[in-house]
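Going by the order they are written in, the chains are A, B and C; count residues from 1 in each one.
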Amino acid sequence: MKYALFLGCLISAREPSYELYARKVLPHFDIELVDIPETTCCAPFSIQSLDYIGWLAIAARNLAIAEEIGLPVLAFCNDCYESLLMTSIILRDDPELKTKVNDVLSQVGKEYKGKTEVKHLLEVLHQDVGAKKIKDTIKRPLTELKVATQTGCHAVRPKMIHPTLAVSPKTLDELVKATGAETVDYDKKEVCCGGPLRGINDEISRNLARQKLKGMKKAGANCIVTVCPFCFIQLDLGQLEIKRFFGEEYNLPVFHFVELLGLATGLEIKDWKMRDHRIPLNPLYEKLRGG
Amino acid sequence: MTPISEPNRVGVFVCHCGVNIGSIVDVPSVVEFAKTLPEVAYVEENMYLCSEAGLESIKDAITKHCLNKVVIAACTPRTHETLLKETCQEAGINPYLLEIANIREQCSWVHLDEPKKATEKAKNIVRMAVEKVRLLEPLEEPEIGVKDSVLVIGGGVSGLTAALSLANQSINVFLIEKEADVGGVARTLNEVYPTFQKASDVMEPLIDAAKAHKNIKIFASTTLKDIKGFAGNFHVTALKEKTPLELEAGAIIVACGAWNYEPAKGMYQYGVHKGVVRHLELEKMLREGTLKKPERVVMIQCVGSRTGELWGHEIPSLVQSDAARLLTKLLAKKEEGWPHCSKICCMNSVKNAILIKKLYPDADVCILYSDLRTYKGYEDFYAKARDLEVRFIKYELETKPKVTQQPDGKLKVTVYEPLAGREIDFISDLVVLATPLIPSKEGILLSRMLKVPLAPDGFFMEAHPKVRPVGAHSEGVFVVGTASGPRDIPESIASAKAAAAKVSTFISKGKFRTEGIIATVDSDLCIGCGLCEELCPYGAAKIEEAKSVIIKVLCRGCGICAAECPEQAITMRHFTDKQILAQIKAALAG
Amino acid sequence: MANNSVLVIGGGIAGIQACLELADKGFTVYLIEKSPSIGGRMAQLEKIFPVTDCSRDCVGTCWLCVLMPRMIECYRHPNVELLTCAEVKEVGGKLGDFTVNVVKYPRYVKEDRCVNCGVCVEKCPVSVPNEFEMGLKDRKAIYIPFPQAIPDIVTIDAENCLHFKNGGCSICEEVCEAEAIDYEQNAEQLTLNVGAIIVATGFDLFDPSQIPAYGYGKFKNVTTAMELERVLSPFGPTEGRLLRPSDGKEPNSVAFILCVGSRDKRFYSYCSSICCKYSLKMAVSVKQRNPKTEVYLFYTDLRAFGKGFQEFANQAKKIYGVKYIRSNPGELLEDPVTKDLITWYEDTMSGSIQNLTANLAVLCNACIPREGTTELAKVLGIGLDNFGFIKQLDEITYPVDTTVPGIFAAGYALGPRTGDIPDSITQASAAAERVFEVLHVKKEA
């Protein structure tokens, strides 16, 4: 399957590991990533409260570019995913709004026709590839891992698209188990990581992360797996901030799911120092690579 | 960084700056307002804080009221920051615990018609400064050693003079010259004004002395490849013919000279008729004795100067250009010309006119001029030329003379003479064009290598146009001779000596204080993405073992790395997020 | 024996620059200034060109921002000894070992006591014209020449002081709380031993009353450039308002006349080098105050050379509307009622005879050797050129050396070779460098 890849800002600037592994691993599962030129920030979902038309226009412009290539959009970041997905739904259901947005887009020579599909990496891996296929492909089961998964909120919303997952996200656990790792259930698993509040109310943001980390530790996890780069920051950099603020250490390394896939399929990138992960990955990582 | 353990006692000093602030901003009310701000222990107003009395008053107040932080509400830091920092230091306060609130350039001067609003704004600015100063931490300026050698770039009269001056003070000098031998343009001249000394009499002793001096090492046929480092510790790579060369120097003197404008082909028949030359070519003819007796010589002043547009807006893109594009742009200016006056051409023409008259008294020598700038008291020189019957004909820049070829091979110069009120023709066999000195391609590329700016006229920019004429905008780098603009030989010599004075003081101190306001990296946050290393214009940010490291002595505190770091792992000392946010909060509170 | 001390004669910008250059290097510098304060000509100016650092609405703090920090640095520098109200009387010896006899004239004020409170000045009953203000404003017999003088202490002008004339007044002594007044103070003789000397005595201005045709001294509204500088300066006689002498009104038209005394075979045949430039600067300054004012510049050759000046000359014409007239008017006439100046001149560009009426005429008078230069030259044994300025050892290769080894010169003391302030500063640093060189060589030898 070919997808127009929408990387978004965070991964490009701050989490190169995600991109590196995605590009290495996904073709192995027949997911071809085509780069689309001149995309901008998706316009995070929360922008709509500041400027509704503006948000729609920015998102629609990105969709319009993918339309020009004629491929469905694959987003890695939860926020990008929801923003683009919601835009496609809203404009599909409201032709007047769509005209207004296209008026704006015409000023930059673009038009959103409304034919683009938007998918998240999670659903693509779950539906197009499937946990079974993954299990069959892996070479090195990651049995050492006891994973606390963090699906994140926006990968499994809106409810109209993901009716059950919205309240009970299970997909990521299934995929993680397929790699041979164990998953744990922990307190506040479905609760938001606190990411969107970074910079707005750091206190609440920190506390949300802290609660989750406490729960993960209590449940016996030895690492965390995310699909959303925002969750990643909140739980990886967040552990550092919590250490500085509360003096508490959790020592839970955070992996992107594609990294696990890479390690499990023997496709890990040997020279990559994983320096964009702040919580030390070793000794787990060394074990996984060596074995 | 350890926070200061004692509570803040901030002193606020509000300056009237005579009428510049005081007549628009209600200073007494700003004073009263400042007293209400948190942690402010003392407030004072003064007519001129920068005066001797003002500075003493600041020191007295610091001592008397046990102040440990200072806010000075006055003019821009660009004028007196150094002096005020020194004053604080003399009173025992770390100079980085001073914050200057600009209520002149950024307040009174731009709101001349709205005194009430200006006063409110001044209060806001003071509040912002106080909030920032409360969070400021003392900073040190690391002292580094200064290498005891000097690099002189260019072996013309300026470069050689500077090199000798320094060598005579037992300082080691490396002189790099791109041609096969030193001497530059001055060596190619015939006789110099106003004394008519032979250029060779001026230059040969200079060249011999430089070559013979044990403290000077000359590298001819050498081009610069790169200059890294900072004041006191420059690391230079060059190429001598095919051999690479590496040198260390404590200071750099730029003496790379200037180009002589070459008119576009066909302009005044230049490049088309061999009887049309520039003074450079005339000097050669006079020196070699190949000038045949002309019946009439017409010299045209201001060819390619006092015309065209300034380069100011093009400079940034020029400095980014590669050498080939730069050359193209420079050559494109042939048609347009340069707006500056090259200063020396009038004297040069008069000199050559006198020389031709002396050689061939019967020749008719005419100088077509716009303003005759026989400057600097050389009036007698001008009189001498008139006594020898050199004819001076004024023309207006708007109606430039025209030169055409006659069927008999001679040249016809047509000029509108305002006093006669009509056009006059001169049939001549030799037309000499007075062309300006213009910025050289080497100079522009060098400015990029050294990271020093160019002035809007395309030459090197002085550190301060009035009072620092030989400094460049970078510590440890000096510009002499025609590299910073048209100059004659005595002026070039004086500038070379002036720079040598400063360099020798700099080198002899052996130590140098570098910037206190530098970037620092929180390595826990750093992901080693390398953006800072890529962007740092001074090579101060390096990735070592997957983390960014700031080389303190290279950092100039520009802030680019801190602004760009995607992990916000880099902080600028003295401009931390916390400090800036405190200022923003204070601004919005008003 | 090589010496670590240097004498700098003259406390203008060139002297100050040389002094700082030497002091930073580690030399002990004696800076001698004849008048009570350092600062020289630059302190008298309203603005200096180019005014790129400043707001065009700035009211004359050029020297505050540029000159003052240097003046203060000189005063505070541990290696500098400032001797004001002092003159060099005798010089003996040679390079490396000069013996200099200096006389320090009495100010009748104890320098370490005076705090410049200003009370004595307020109470003094005698007023005389202030030389610093070009006579346009008065000062008292006990005075400080300008508010930011360095050193910032008062001086008594004994020639005009009543106490010294007839013993009749002691008001300043009575009111001085610091007990700084000392009528018994004597001149001090000091002997200095220095390795080198730098002369930076600057220039005086040609007295235009020597050209009666211009009416200077007769017609009230004929003024000189330096007088205009004082008028435009905010500390000057009119606090910066441009008002003409006869009626105190703002002039609607100002005419600058260049080459008054310069390029003139009757007086000084050389070109003074700085007048075209400063007249452009002042013309623009006048226009900035009131764009409606008509400003005319009568020139022969517009010598706007040097960095940025040609562009400035173009700007002055195009943007500010200064009118250039290529002519050297022969005379100025005065309208008996309006006191305006009328001039008939030949416009050399059109060849026609024109006349112009201006409310104010500004004569750009020649810069001439400082009074006392001949005597000083004798004392030092240095040569003067045929205009009376200090002669350079070699015009081309030794531009800041005098004819005596170990004695150097900088600034307008060298005459119109100095084209502007940056030139003075460059020469001053170059002279300092020459001192480094010659004393270093002596040390090594």
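In this text, a contact is a pair of C-beta atoms (placed from the backbone, for glycine too) under 8 Å apart; a residue touches a chain by one contact, two chains touch by 3 or more.
None of these values were measured; they are calculated from a predicted model.
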Q | Steps in the shortest chain-to-chain touch route ending at chain C and beginning at chain A | A | 2
Q. If every chain is reduced to the average of its C-alpha atoms, which one ends up farthest from chain C?
A. A
**Q.** Averaged-CA centre spacing for the pair chain C and chain A, given as whole angstrom
**A.** 74
Q. Taking each chain's centre as its mean C-alpha position, how far apart are chain A and chain B in Å?
A. 52
Q) Measuring from the mean C-alpha position of chain B to the mean C-alpha position of chain C, what distance in angstrom results? A) 27
Q. For chain C, which residues count as touching chain B in their complex?
A. 17, 21, 24-26, 48, 50, 52-53, 55, 57-59, 61, 64-66, 68-70, 72-73, 75, 116, 147-148, 150, 152, 234-235, 240, 262-263, 269-273, 301-311, 314, 348-351, 387, 395-397, 399-400, 415-419, 421-423, 425-430, 432-434, 436-437, 440-441, 444
Q.
Going by the contact rule set out above, which residues of chain B touch chain A in the complex?
A. 524-525, 527-529, 546-547, 566-567
Q. Which chain B residues qualify as touching chain C in the complex?
A. 17-20, 48, 50-53, 55, 75, 78-80, 82-83, 105, 109-110, 112, 165, 168-170, 192, 194-195, 197, 202, 206, 306, 310, 339-341, 343, 371-380, 383, 394, 396, 418-421, 455, 457, 459, 462, 464-470, 484-485, 489-491, 493-502, 504-505, 508
Q. Quick one: in the complex, what on chain A touches chain B?
A. 13-14, 16, 237, 240, 273, 275-276, 278
